[in-house]
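Common to both upcoming complexes is chain A, partnered first by chain B, then by chain C.
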Partner chain A sequence: MSTHTQPHARHRIGLAPLAVLALLLYAAFLIYPLVQSFITSLTNRNVLNATNAFIGFANFAELVHDERFLRSLGFTLVVVLFVTVVSNVFGLLFAMLLNGPARHYKIMRTLVFIPQVLSGVIVAFMWRSILTENGLLNSVLQGTGLTQQPISWLGTPELATLSICVVVSWMTIAFTTVVYTAALQSVPAELHEAARMDGAGPLNRFRNVTLPMIAPGTTISVTLTLITTLKLFDVIAVLTGGGPANSTKSVAFYLIDVAFTSNRFGYASAIAMVLLALTAVVAYGVTYLLRRREAHL
Partner chain B sequence: MSALLLNRTTRGRALAAWLVTVAFIVPIYIALVSAFKSQSQILSNPLGPPVPFTWENIGNALSRPDALVQTGLLNSIVVTVATLLVLIPLAAAASFWISERTGWVKSGLIALFALGLMIPPQVVLQPIVSLLQSVGLANSYPGLILSNIGGGYMSFAVFVYVGFLRTVPRDVIEAARVDGASELRVWWTIVMPLLRPATATVGIFLGLWVWNDFLNPLFILGPLQGQTITTGIYQSLGQYSTDYGQLFGIMFLAALIPVVGYLVTQREFIHGLMSGASKG
Partner chain C sequence: MTSRRRIMTATVLALTTALGLSACSQGGGGSLTFMVFETPALDAKFWDTSIATAAKEAPSTTIKKIVSTDADRTKYAKQLQASGQFPDILASISPKDFTGAKLLKPFDQKWLDDNFLQPTANAIEGETYIPPTNSQIIPLVFYNKKIFADNGISVPTTWADFTAAITKLRAAGITPLELAGSEAWAASMPLVGLASADVLGKDPTWIQKLYKGGAKLSDPLFANAMQKAVNLVKMGAYNPAALSVDFKTANSNFLAGKSAMYPMGSWFTGSSYITAAQADNIGVFPWPTDDGSVVIPFNVGGTTSVSATSKNVDAAQKFAQAWSLAPANLKVLIETDGAFPMMKKLSIKDFGATVSSLYNSSYSYVTNSNTKVSSFGWVNNDDALAPGINDSFYALAQSVFSDSDVKTQLTKLDADWAAATKK
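What follows is the complex of A and B.
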């Protein structure tokens, strides 16, 4: 690749200023804030009280006893686990069902992706008008006599958590379906044909042909689902606002709360470090495990 | 006989596929028809078709005294277009420059830019707001656009461009260099056209993400600077949520541009997703 001859060396400066500009902007708006966030996590910085002293790992020690934080951590893990499993299982099933040859399958695939095109805010408002106490779902349930009293889909901690899990899975399935469709379409038809010739049944072919062949797609889909769900914010803000009784505050949501409502920048930064560590462990850990699995299949 | 049987299973599958698809998009169907139904129609029969059809919700949405839809759409267009107009050439140039490096410089820069792909925006938000305050760009559109350009979106753009550049044949570029073209000229007249499929992916996805972004406009712009359509809906509709007619009217208008954009660019859209997914 590096076969450039000396006489052209003078031209090589050409793009360096643009590259440096890109790097400077990236340093200012990503690298510096990241470092700043880490440094702040070791302080009691608070703009309202005008404190900004180095306190070591005291913020992290406080986190361990902070019930709201622990609750947000538990809620986040529940949602992430639910969404990752449900959206990848259904995404793969949808993809297999919608991966038909006829033209109208393409229309179906187009329709199924639409939830990904809408903003989380719009999706959440759509679902809120369906799920809210006097919303469309309860009006249908009561109208058909299935229930007498309206069900509080967003009003109790358990149901609100379930509602968020379902809405986020719904959005995410739109994404995983397309990824798995792409993965399925990269499997050569001859492989299935050969397995059929060898007398392999549908389940057997799914296990031994389809799953191994789509393994790279699975890695991408699972990893991106995890990372996206970990930073979930807009859907919660609209659907429940973190309630009832803080039961649906994710770590990302609690972090914003502490930073911009309580103005405890130091403590918020400590939460940010936990969220970052969680994301890094998940992103690298899952990718590593799935890659190893790819190799074994 | 066997042809008939085959035909029947094909039909059964198509039917199952359509049933699943229709069930899946019921919420979108409800939102769509509700934009053209009266409040009482929406509540009494959410799944019914919009008969009689009414434009009243759209009219109400457009004649709000705060001009939520008009200003929101305009602000979103400004932010999205300005971000893309700067970010695309900048990221393409940086990626081309990086792809011409060798050894640890190249791998180091790629790793540095890849970092932004996994960082949750909440982690860096507060320092960004403080930074913008200290340079006098707090609560401003230039501040929002700058942080869009320099943040995680840059990582995505560089990731796509550097990946794509691996597949670009070098001889065309080398030939232009031998002809004595300047490096800027090589980049603009040869590399950029070659990068067009990657630019389509970057433009479509970043356009959608910037348009739909909620967190950054909410905290970087703040409520005083007017709103993008996404944050505007959030801040204005909290109290209106029982007026379903207007709510669905506003959502219809807000969703129109991204959905139409998706339908128009669908081929590039899916292609971008697929190439990303199959490369791993």
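What follows is the complex of A and C.
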């Protein structure tokens, strides 16, 4: 008896230090900064002005009336909505087009994934060379006679917002394509065969077989796209710098400005707390709804 | 037991090593950090060479270069400060952002008096945190001589002449003014010219009044100047896609003759931006005023600030002083970045620098007797704007393209100012 239990006990003890280490790292690099940031959000801390007084929830109250914050929040939500819808629709479309066993499908899937591997900064630099006044896009449009004057893709609030949405979608489609490809490959071929024998057409098979079977993949893809886009910073920093006239500043971008340009660390921490709460609520809400949908399917 | 002893031994060894390393890093003149920034003119080679030159004057010190990852080096310095890594020496930051927290060590006034033409030009409340080694004019208006001659346009001296030239060029199908509008700091050049010439030209103490509450950004004096910026957009002075043009593209557009005039800082005269042959076809005039009086938006610059929290302030300051006085360093700045020297003991000829005809024309506005005012948003002295206001001002330069309601925008800027200066 004892000879059987000893290895199990050793095994359990052997894992405990690893778990403790993981918990310690989690506490040191996530919980502690989070608590510290929350405490800072309740102060008027300005490291360059030697102020650090407790002011309760005044920073959060100020946020409600901060026009720039509200504008950055509105911009962020527009980008999140656009990118989530577009990248998931096109990701699924590409995954279906590339869902084959032949070698060229595998090569194509690898190529489609490349934008996700590239850093956001590199992607943004690449797209900037396409979208500037004398960039590739304007050269093509003018060269083919479609436009007479260059279009200011990054110079008006509307077009700059659209440009950022397209660039971020281009990056995230790579990720969603991979997720949907994996989900599609887990759908048993027999189900499609049975539906076909029952007389179901392609659209019916997609609606009644494919979509329900890839529901877990949809949950993962939508949730991760939402979270990634809510904290968007790098693409904006390179592509528009938040301009023109602050019109493409995301919440994350505004947060950095408040902290390191205006020196208001307390207020910036309050923005960080709101962004964290927003991300948590949206992610939890979407996951909850999609999981419920999975159960119904 | 054995394994526990082994772990204990390893822990003690690790702690001893860490303590030893820590002691090494804090000892003597030792190692100092120098935050620099790289541009086409001031590349990695320039910084390495300039550091090596200055280090000869402070041989016991080793300098570790930190390159700012942000074009806004003041912002990057704040990030380093927030993470407990504030550099010992900092290149070309805005000192006013750091003096409130007493993070910078002022330079000795006698040393400043002995070495610089305008020893108090960078003074903040009587103390200087950045040696006044060189100067710039921000902006000047550069123009294409051939385009002006072909269209029968003479160099504008008044605002009316300037707008008439714009109208004539527009009618001839030429883009009158080049603008690097996608980079907010560059987009602000016309507004910097207007605020400096029209506001500070009439009242040089206006920024101090702003600090003391005796003036507002939405006041008619400032609002009328900004209205001129809106008017320039309305009259088609810029390329319709100007806000998609970056600095590099704007430079090449102007030098290729795609536009007739270019409001830009005097660094544009440096060899990093313009060749001697190109410079021969480019002329320069100051930002025009209503009555034609010459007002020069002037900025006395400099490079090295010293951290008051440095573990070896004296060594850091010695290095900073050596860097600032090294003629070889300033020679590179003159040639590549169009810097105008402000050294008491060295004239421009003493540097042996090779400069263009355009540099000489621009430099004459420094040496000639004329009205010099602070270049709005660019200076390092008491007239520097409150933290964060430069960005708001830059944003205004872009928003005038889509929002002509100057009064409302300046009222918001007043609110930003109030928040930024709130004690």
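Here, the second predicted complex is superposed on the first by the 271 of 297 C-alpha atoms of A that agree within 3 Å, B and C clash if a C-alpha of one lies under 4 Å from a C-alpha of the other, contacts with A are read in each partner's own complex, and residues count from 1 in each chain.
To be clear about the criterion, a contact is a pair of C-beta atoms (placed from the backbone, for glycine too) under 8 Å apart; a residue touches a chain by one contact, two chains touch by 3 or more.
Bear in mind that the values here come from a model prediction, so they are computed numbers and not experimental data.
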Partner with the higher number of touched chain A residues, chain C or chain B: B
Which of chain B and chain C A:133 touches, first, second, both or neither: second
Partner chain in contact with A:164 - chain B first, chain C second, else both or neither: neither
Contacts of A:80 with chain B and chain C, given as first, second, both or neither: neither
Partner chain in contact with A:269 - chain B first, chain C second, else both or neither: first
Touching partner for A:259 - first (chain B), second (chain C), both, neither: both
First, second, both or neither for A:243, with chain B first and chain C second: second
First, second, both or neither for A:18, with chain B first and chain C second: first
Touched partner set for A:95, first chain B, second chain C, both or neither: neither
Touched partner set for A:156, first chain B, second chain C, both or neither: second
Shared chain A contacts, counted only where both chain B and chain C touch the same residue: 128, 132, 134, 259-260, 265
Chain A residues touching chain B - in the complex, by the definition given at the top: 1-4, 8, 11-16, 18-19, 21-23, 25-34, 36-37, 40, 94, 97-98, 100, 102, 104-105, 108-115, 117-122, 125-130, 132, 134, 136, 139-140, 143, 170, 173, 178-179, 182-183, 185-186, 216-217, 219-221, 227, 230-231, 233-234, 237-238, 252, 255-256, 259-260, 265, 268-269, 272-273, 275-276, 279-280, 283
Contacting residues of chain C [partner chain A, same complex]: 72, 75, 78-79, 81-82, 97-98, 100-103, 181-184, 187, 239-246, 249, 253, 387-388, 391, 395-396, 398-399, 401-403, 412, 419-420
Contact set on chain A toward chain C in their complex: 47-50, 67, 128, 131-135, 138, 149-157, 240-241, 243-246, 257, 259-263, 265
Chain A partner contacts - residues on chain B that touch it in the complex: 13-14, 16-18, 20-21, 24-25, 27-28, 30-31, 34, 42-44, 46-47, 89-91, 93-94, 96-98, 100, 102, 109, 112-113, 115-116, 118-128, 130-131, 146-147, 149-152, 154-155, 158, 170, 174, 177-178, 181-184, 186-187, 208, 211-215, 219, 230-231, 233-234, 237, 241-242, 244, 247-248, 251, 254-255, 258-259, 261-263, 266, 270, 273-274, 276-278, 280
